[in-house]
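In what comes next, subunit A is part of two complexes: it sits with subunit B in the first one and with subunit C in the second one.
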Partner chain A sequence: MTETETIKLSDYATAKGFCLTSAFWMMAATFMGLLGATELIAPAVTENIGGLVFGRVRPTHVNLVLFGFATPGLLAATFYFFPRVLQTRLYSEKLGVFTVIAWNIMLVCTVATLLSGNTQAREYAEMIWPVDILVVLAFALIVFNFFMTVQRRTEPLIYVSIWYACAAAVLTMLTYALGNVIWRPDGGALTGIPDAILLWFYGHNIFGLLLTPLSIGVAYYVVPKAIRAPLYSHTLSLLGFWALIVVYTHIGTHHLLQVPVPTWLKVVAIVDSIAMVIPVMAFLINIWYTARGKLGAIHADIGAKFVFTGTIMYFFVSIQGSMMALPQVQRVTHFNNWVVGHAHIGVLGFSGMIALGGLYYVLPRMTGKPLFSRFLADFQYWLILIGVVGFTVILTIAGLIQGNAWLNGETVYRVLPEIHLYYVIRAALGVLIFVSAVLGFYNIARTMFMPERGAG
Partner chain B sequence: MYFPYFATYMAVGIALAIAAFVWALKNGQFTDQQRARFLPLEDDAGAGEVKRSRMGRLEILALGFLACAGLAASAAVLVFALVSF
Partner chain C sequence: MKMTPAVIFAGSVLILAAVVAIVVVLPFYHTSQTEPSAIFRPRTAAESRGRQIYIENGCVYCHSQSVRTIDWGLGAERIARAGDYVEDRPILLGSQRTGPDLSQQGGEHPDDWHKAHFVNPRYTSPLSIMPAFEFLGEEKLDHLTAYVQSLGMKDADRRVARQEKWKQKAVEAYENGPDQNVQWLHSRVPEQWQKLPNPYGTSDAGLARGHKIYQDFCMGCHGPIGDGMGPAQPYLYPPPLNFTVLQDRGITGGILYYQIMNGITGTAMPYFKKHLESEKIWDVGNYVAVYFINQSDAGDNAGGIDAAYEP
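Moving on to the complex of A and B:
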């Protein structure tokens, strides 16, 4: 019996748990986004409902997207391939399941605290101290499980996806603790400019050192598997990995170019934002060359289709990001909907797509049953694709109107009616994404809980 | 004064990264890269690929209704916006 054969289907409890977590919370997260978008069109809609004012809905939306949908989705695929590529078992499936439970408790606490107005009021770091501790603990458990599994591996070589997954877990555990200033439980913040620098160090790392490496790791696994061909170059993939570690870790200050932070920090941030082209292109060239001439196989597998689309989105978001880090460009694009457009290509178009792709790829393999409905998954794909491309176009236009108006010294009340239409279209696109989340949850839940062998 | 803390933090980060890199180098992680390319392929899980949907009639109706309702809601919002603009 080979090592891989000893990995039984029952072994994937952790991955399955994260699968369901992601699918369920995607509904909640996108609903909150839709609610927020509606409030931007009709602010009076939730006028007398304190818990649902925009200021509470928005942080609930972003935190749920980050920690409820994208991260668990990526972790689901990661917990599936981690032991497989290392040719061993996961160190502790029990610990993994415990992590999933703790993770969901953390998410419930997040919603309850944020909607009841308990917040630390720092962007992406809104969660209060007890919830912060839960997040750090969850990541500590993941790190432990990952490292112990690596130690017990029978395959001496560590595949690039494992490097990415381990880096994401370790770096997020550290930057989350640091960026949320967890040694100051009541405020969760430093004061003044140092706090802004620390916050954005964390804020960007949550995308750059959590979502990005997990997504890249999943793509590096799913694409070669789906097309049944080796990776174009493992050396290039490692180069990309180390370049990301060197470059991505300190570009947070590009969020603060128009703030009086020390110039050297801005210079580091800008130079490294441009240098991001290296890890980004190392990954993209590698994955696209791997898939070259085999797009048919990508298209045939719904998981790979999501993942591959995510890599294309990664190209757009990264090139756009490097441009946005230039002060001249940011004079127009900062503080308006342009950035929101960028955020959605990144988090939904890139990480979200890859998270869903990972889920759809591993789900039939770990349950041993075919996907409940390929049609539904395809339908979800198109809803999301239309939604995210639409978001990008609409929010970019709205952002340019706002940015130019600001540069020209126009007052806000004259600009708001000009962008109203775009806000309405944005909400309409949000409906598509929310519906897609409901369909996705149904499909995933049915696949998991369907009786063993059905017809077809 | 917060620079010393940031500088220390960055230094620790770099030190950890270098340590990991050196470990990888000594451990032979950068050798045998040709074989490494094939690692994901070594575990061939026979996955049940789905060929066709296995949805019942009621399910198709309910999900179709949900999807149409979503699309209709989006269209209605758009029409409303265009008319009232």
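Moving on to the complex of A and C:
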């Protein structure tokens, strides 16, 4: 991976665009999360402001985190490493910038439609049909740009990060269209139990075929580069890649274990949820063995530090996820805050950390300037680490209280005061995450636009 | 294995296609033939509009519609079946239970309770963390209420009819004045309960517990001083009982216990037997008797053997 003149000529406009997109929408996304968390402890705080009712704030938070913060953050690093790894220029920066613009229009539409109550009410598939079309179109443009760049490569071997990025773009384009029932613009849903099965097939693949492969792709790029060492094993890369696509796609029905869906489908979902250990450990062993003995170099680079922490979070969220697919565990954990905690380790701890790590790793390299402030980035790292570990502990406790109380015959209403304290602490931790997003945006924007103060 | 663009593209798309065939298409054929269940009925136009309002406001993020075999709470009398959902597009199973499951909500309360509850959930349920929905306006709240009252379908219809039948009688009794109203209320309690005094004597600890239960469950309708003037009162008819009228009208601990346990169907008074266990019901009943009725039979001629904890 030596640099050549052609790559130096790249201006990385697309990567920079996604970088700013991610940093900006992270503020909006975490603000919505904080607002929702506040409403759960003080429901009168937005009383009778229809657009800010909890049931609209929550999907806005979730969609902005997924499509506003995490995905563009990972795409920023991906659009940076694509030309470098393939030893060519990006097929079309113009097309890339157009994608960034379309993406941001899509996000503005998402916020406007969801807060005004225009929703399909299916988790992660809330966006109405015109917005769905924008999402699919954006992914189609990314697929085109990715594959055309691969075609023009001068490096004959295709590195593992490229596999993951290409597969993520292609498969998400397809599953997004399928999961959003895009051929039925009025409502974008099937009817009855088949709708639940399709929804969770799609819903889980937002993590399985979008966030996870993009995150793994970024980790596979950043970690070996930061420590200047070759990847531990090509075989593990292959195993992890194909196993991920085979196994992850089977498991959506583990969201429906307590619902009248066919038992054989539940069995498939449970078995494959346990089998998730294979792709997860193939990747983790590969990346951790690559970094073995070189953690000093990881620690020295703020980007690599974020990314490596993300891989540790991936370990926890995956083991927890496999465990949660067991029916006996789910008797306690289903329908309560345990699952919310799990979602936060996965999306913020794993994908979010790696997205930020990718941003911080590529930012100085594509601007040719040092980071505006290494201290701020480090500070953000600790805010997020404390925040996400705190979320996990607090929401897991709250979930155990709820789940066990319900199993013991207490009504949902009775349990609300028992989890109030944990809701308060959760909102307080949310403040850390929101503050970190504001600091991150400031740091990233200063790095990009204010070169003269760059020494930080 | 050499990873070329063609291998990555074709390989991943083919795997996806195979998996979709197994976990989406096959189950689709398996489940799309589901017959409607015994309680199924189609929704009316007003109920469908209400469902749309339910969707627009994200009610699904806090309320499941999916009763499980392990559930004890609201709706647990009927475990969900695939045939319950045959017209639900989209299906609204939900993934969180910040509020109760609503599968069988229809007929649980009369319409006026829902009205008060939507205007401000804390009017009827002081511990609730649900947002207020007054901003929706009268018409939308009526549709939303119609939808909520339809949840449970034919079972809900039976419950709603029961509410309506008893509401007529409750209104009639209320309009006949306190004497006849109280007499009617007492007459709904089985005879052996009517004669039963509260078996546990009044104690400071018991009153303190009753006070807390009263604040958490009763105050929204009956008001902080038990005069029936809680914030929900303007929405409810017959209005919440002013406990003072029970004085010298044959009230017993048994009547209080039964009415709290079982509720007064047809009025906004819900049953509390799912929320509260025995001691809590005796305690809150005695709190009302001591402070608001000023007439308590707690511990009078209880008979039986004293409970082991009694001093």
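In this section, the second predicted complex is superposed on the first by the 446 of 456 C-alpha atoms of A that agree within 3 Å, B and C clash if a C-alpha of one lies under 4 Å from a C-alpha of the other, contacts with A are read in each partner's own complex, and residues count from 1 in each chain.
In this section, a residue touches a chain if its C-beta (ideal position, glycine included) is under 8 Å from a C-beta of that chain, and two chains touch if they have at least 3 such contacts.
These numbers come from a predicted model, not from an experiment.
In this overlay on subunit A, subunit B clashes with subunit C.
Touching more residues of subunit A than its counterpart among subunit B and subunit C is C. When the two structures are aligned on the shared chain, A:55 is found in touch with subunit C, with no touch to subunit B.
When both complexes are overlaid on chain A, the residue A:342 reaches neither subunit B nor subunit C. Look at A:254: by the touch rule set out above, it reaches neither subunit B nor subunit C. In the superposition on chain A, contact is made by A:228 with subunit B only, not with subunit C. Of the two partner chains, subunit B is the only one touched by A:371; subunit C is not. Once chain A of one complex is fitted onto chain A of the other, the partner contacts of A:305 are absent, as it touches neither subunit B nor subunit C. Applying the stated contact rule after C-alpha superposition, one finds that A:197 touches each of subunit B and subunit C. Touch criterion met: A:245 reaches subunit B and subunit C at once. Overlaid on A, the two complexes show subunit B and subunit C touching the same residues of subunit A, namely 158, 160, 178, 190, 194, 197, 238, 242, 245-246, 249-250.
Put simply, subunit A touches subunit B in their complex at residues 4, 7, 81, 84-85, 87, 155-161, 178, 190, 194, 197, 220-221, 224-225, 228-235, 238, 242, 245-246, 249-250, 301, 364-365, 368-376, 379, 383, 420-421, 424-425, 427-429, 431-432, 434-435, 438-439, 442, 454-456. Residues 39-41, 43-44, 46-50, 53-56, 58-59, 117-123, 147, 150-151, 158, 160, 162-163, 166-167, 170-171, 174-175, 178, 187-199, 201, 209, 238, 242, 245-246, 249-250, 252-253, 255-256, 258-262, 265, 268-269, 331, 334-336, 339-340, 402, 406-407, 409-414, 416-417 of subunit A touch subunit C in their complex. The touching residues of subunit B, counted against subunit A in their complex, run 2, 6, 9-10, 13, 17, 21, 24, 28-30, 32-45, 47-55, 63, 66-67, 69-71, 73-75, 77-78, 80-82, 85. Within the complex formed with subunit A, the residues of subunit C that make contact are 1, 3-5, 8-9, 11-13, 15-16, 19-20, 22-24, 27-28, 30-32, 34, 55-62, 64, 66, 68-74, 80-82, 85-101, 121-122, 125, 127-136, 216, 274-275.
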